[in-house]
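Okay, so subunit A shows up in both of these, paired with subunit B first and subunit C after.
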Partner chain A sequence: MTRHSDSRLRSTVIRVEFVALLAALALFLSTVEYLIPKPVPFMRIGLANLPLIIGLGLLHEREYLLLALLKILGQGLVTGTIFSYIILFSFGGTVSSAFIMFLLYRYGRRYVSLVGISIAGAMASNITQLQLSRVILFGDAARFIAPPFLMVGFATSIVLGLFAERFVSRSSWYAEHAQQEHLA
Partner chain B sequence: MKQIRLGDIAIFIVSIAIIAFSLGRFTDFSGEPQVHVRTDGGEFIYDLGVDAFATFNGPVGETSIEIKDGKVHVHDSDCRNKVCISAGWVSRVGDWIICLPNNVFVLIEGAVAQETGGVDDTAF
Partner chain C sequence: MRATNVKLFMGIISLPAILLQNNLIGIVLQTIYVIVLSVTSGRKFRVLPNLILLFSVSSAHLLQPNGLLLFTIGSFSVTLGALLLGARKALALIALLYLSHYMVTGKPQFPGRLGRLISLQFFYFDAITTKWRGIAPKRPFILAIDKLLHTVSEQSAGDRQRSESAPAMASAIDLARQGVHVVVLWGLFLAGSLHVLPVLI
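Coming up: the complex of A and B.
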């Protein structure tokens, strides 16, 4: 094995550790989120989205997808919805938001900060969940749920984005590892 | 890295526009308020002005609602969290209560012309 591939292997191992760390963080934040009372069970503050925002600068596509799936799994475990149709909402929301955020970070990093990425991710997640609720649960009446749902997500995603931006710019741990990876 | 960028502003504006659009749809109602109850067994409509008590079946059991003095609430439900019961009484058009586990959705809607007025209002 050459020195080059050896270091690549090592960096892959490190990134898998990041996945584990961030997934654990997502699990913890899902628990915190679950403790906060909300009028509708699937109305989310989006705390568990934080690891996905921070992971943007640390992970490659596959690891990022893995992190997203682990987040869904963790949310399902914490809320007890893992074997019910409600997990579909979690799945749809997380996958669409992860997809949008990853694309924005990969191709739009110069024009958009983590705040914008966080808002876009929250909107993508909430719109997906609203469309799912339109199809699965409420039909056209989903429009009555849309405004509070979207507004809460919008507000909390700004706060989360600001926090993530601050963390990323201050954390020496993040700076060290984000520089190691040669991400676009 | 810290300052707000062009893309942020664009995303911000688009998000506000989407929320404004959803609000515009939200306020699009008129007429006498009715209580719409969507369940696994179909949709039921009650007049908010007439006191009533009704029970619906869902995946986890029974959910009962009570209409009294122009307000509606979930009286009892077999779900685990009881979020629907703690939602309390609602009375305004656009208000809603959901029991997600039992798939019961209570919504106060303004009655539209087709439901109350009959054919003559619009037919030529």
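Coming up: the complex of A and C.
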């Protein structure tokens, strides 16, 4: 009995460490993205969302939620925006996209590729952020920024989805962990 | 109180003084104060993003005319009330952003399980950035990331435990210094509320 609960505890610790590793990868990728020159100001590929996409095949519901939460808090701490209005945008965007992507992966994986999941996540995130900008920043004028914002989000999410597809098919690290998750 | 959390608590106590500020001169002074605090603590200040925020939020408020009509552009009316309201809101957002920057310069440690998880995340972040330097070649990027993840995954949590040390307690000077910032920010709020500062609208 004790040995059983000990091994369960150890397994939980290992899983939590794995989530922390993915969250750290999100932080690292956001700094990598910062170094990439942007063709349009404020245009981001959203590389930091890659761990959220690859995590779909590796994590359970709670772990996935924890990853989203750690990504928000970690980025907020690194950029110093954790106690500002920006964290609301980060929270709204990340949680809504994580929720939609998780649902799509869980119930529609057969019909939707990671590119489709990435697009759905980006649209959920952008729509939530537009609603927040309407309430917090611009009022009704937010409708003027909606078309370019959604178009840029659509284009960059395709790039990110393709990148995630390639990572999942080529990474031996991912294959190893996906197999462990499958066996568990 | 832990030395790492003094700025965090100072910021939390000062947040309402900025959020509740109704006086434009008051919010301008509070914004300048927190920007100076943030910059002197080593954070960067960039003019352009702040100007864009100030301009865009102020412009968005012009869609709802309010107060004295300044001029018209076609059928579009530019009113003083809407302009100043937008500017006040934008300045409050900028002030909160730089207060947030200042709050994290003390590298705050969160309590409980979440705090331990965040420090674990930063342990791995350090490991990733350190190991990334040793990864060669870095192209193709996907294979470099794959190699990086293999390397970091092998690192044991024991390394983390050994690297953690007990946090120092805040000195009386630290507490007094942060207390001064709280008094200044709340003082500016009171000066605005009690009309000690000039009222523009």
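The working rule: the second predicted complex is superposed on the first by the 153 of 184 C-alpha atoms of A that agree within 3 Å, B and C clash if a C-alpha of one lies under 4 Å from a C-alpha of the other, contacts with A are read in each partner's own complex, and residues count from 1 in each chain.
As a working rule, a contact is a pair of C-beta atoms (placed from the backbone, for glycine too) under 8 Å apart; a residue touches a chain by one contact, two chains touch by 3 or more.
Predicted, not measured: the structure shown is a model, and the values here were computed from it.
Chemist: Report clash or fit for the pair subunit B and subunit C bound to subunit A in the combined superposed model.
Modeler: Clash - subunit B and subunit C, as placed by superposing on subunit A, overlap.
Chemist: Scan A:I86 for contacts with subunit B and subunit C and give back first, second, both or neither.
Modeler: After superposing on A, A:I86 lies in contact with both subunit B and subunit C.
Chemist: Output check: A:L73 vs subunit B and subunit C. Expected answer is one of first, second, both, neither. What do you get?
Modeler: second
Chemist: Give one of first, second, both or neither to describe whether A:A23 is in contact with subunit B, with subunit C, with both, or with none.
Modeler: A:A23 sits against subunit C, while subunit B stays out of touch.
Chemist: Between subunit B (first) and subunit C (second), which does A:R143 come into contact with in this model arrangement: first, second, both, or neither?
Modeler: After superposing on A, A:R143 lies in contact with subunit B but is clear of subunit C.
Chemist: Looking at the overlay, does A:W173 come into contact with subunit B only (first), subunit C only (second), both, or neither?
Modeler: After superposition on chain A, A:W173 lies in contact with subunit C alone.
Chemist: Is A:E165 in contact with subunit B, with subunit C, with both, or with neither (first, second, both, neither)?
Modeler: After superposition on chain A, A:E165 lies in contact with subunit B alone.
Chemist: Look at A:S113 in the shared chain and tell me whether it touches subunit B only, subunit C only, both, or neither; answer first, second, both or neither.
Modeler: Only subunit B; A:S113 stays clear of subunit C.
Chemist: In the overlay, answer first, second, both or neither for which of subunit B and subunit C A:M123 touches.
Modeler: First partner only.
Chemist: Just to be sure I follow: which residues of subunit A are touched by subunit B in one complex and then by subunit C in the other one?
Modeler: 84, 86, 137-139, 141
Chemist: Going by the contact rule at the top, pick out the subunit A residues touching subunit C in the complex.
Modeler: 13, 16-17, 20-21, 23-25, 27-28, 31, 66, 70, 73-74, 77, 80-87, 136-142, 163, 166-167, 170-174
Chemist: Using the touch definition from the top, list the residues of subunit C that touch subunit A in their complex.
Modeler: Those in contact with subunit A are residues 11-12, 15, 38, 43, 56-57, 59-61, 63-64, 89, 93, 96-97, 99-105, 108, 114, 117-118, 120-125, 127-129, 132, 142-143, 145-146, 149-150, 152-153, 157.
Chemist: Quick check: in the complex, which residue numbers of subunit A touch subunit B?
Modeler: For subunit A paired with subunit B, touching residues are 39-42, 84, 86, 104, 108, 110-113, 115-116, 119-120, 123, 127, 137-139, 141, 143-147, 150-151, 154, 165, 168-169.
Chemist: Which bits of subunit B are touching subunit A when the two form their complex?
Modeler: So the residues of subunit B in touch with subunit A come to 1-12, 14-16, 18-19, 22-23, 25-26, 36, 38, 81, 83, 87, 94, 96, 98, 100-101, 103, 105, 107, 109.
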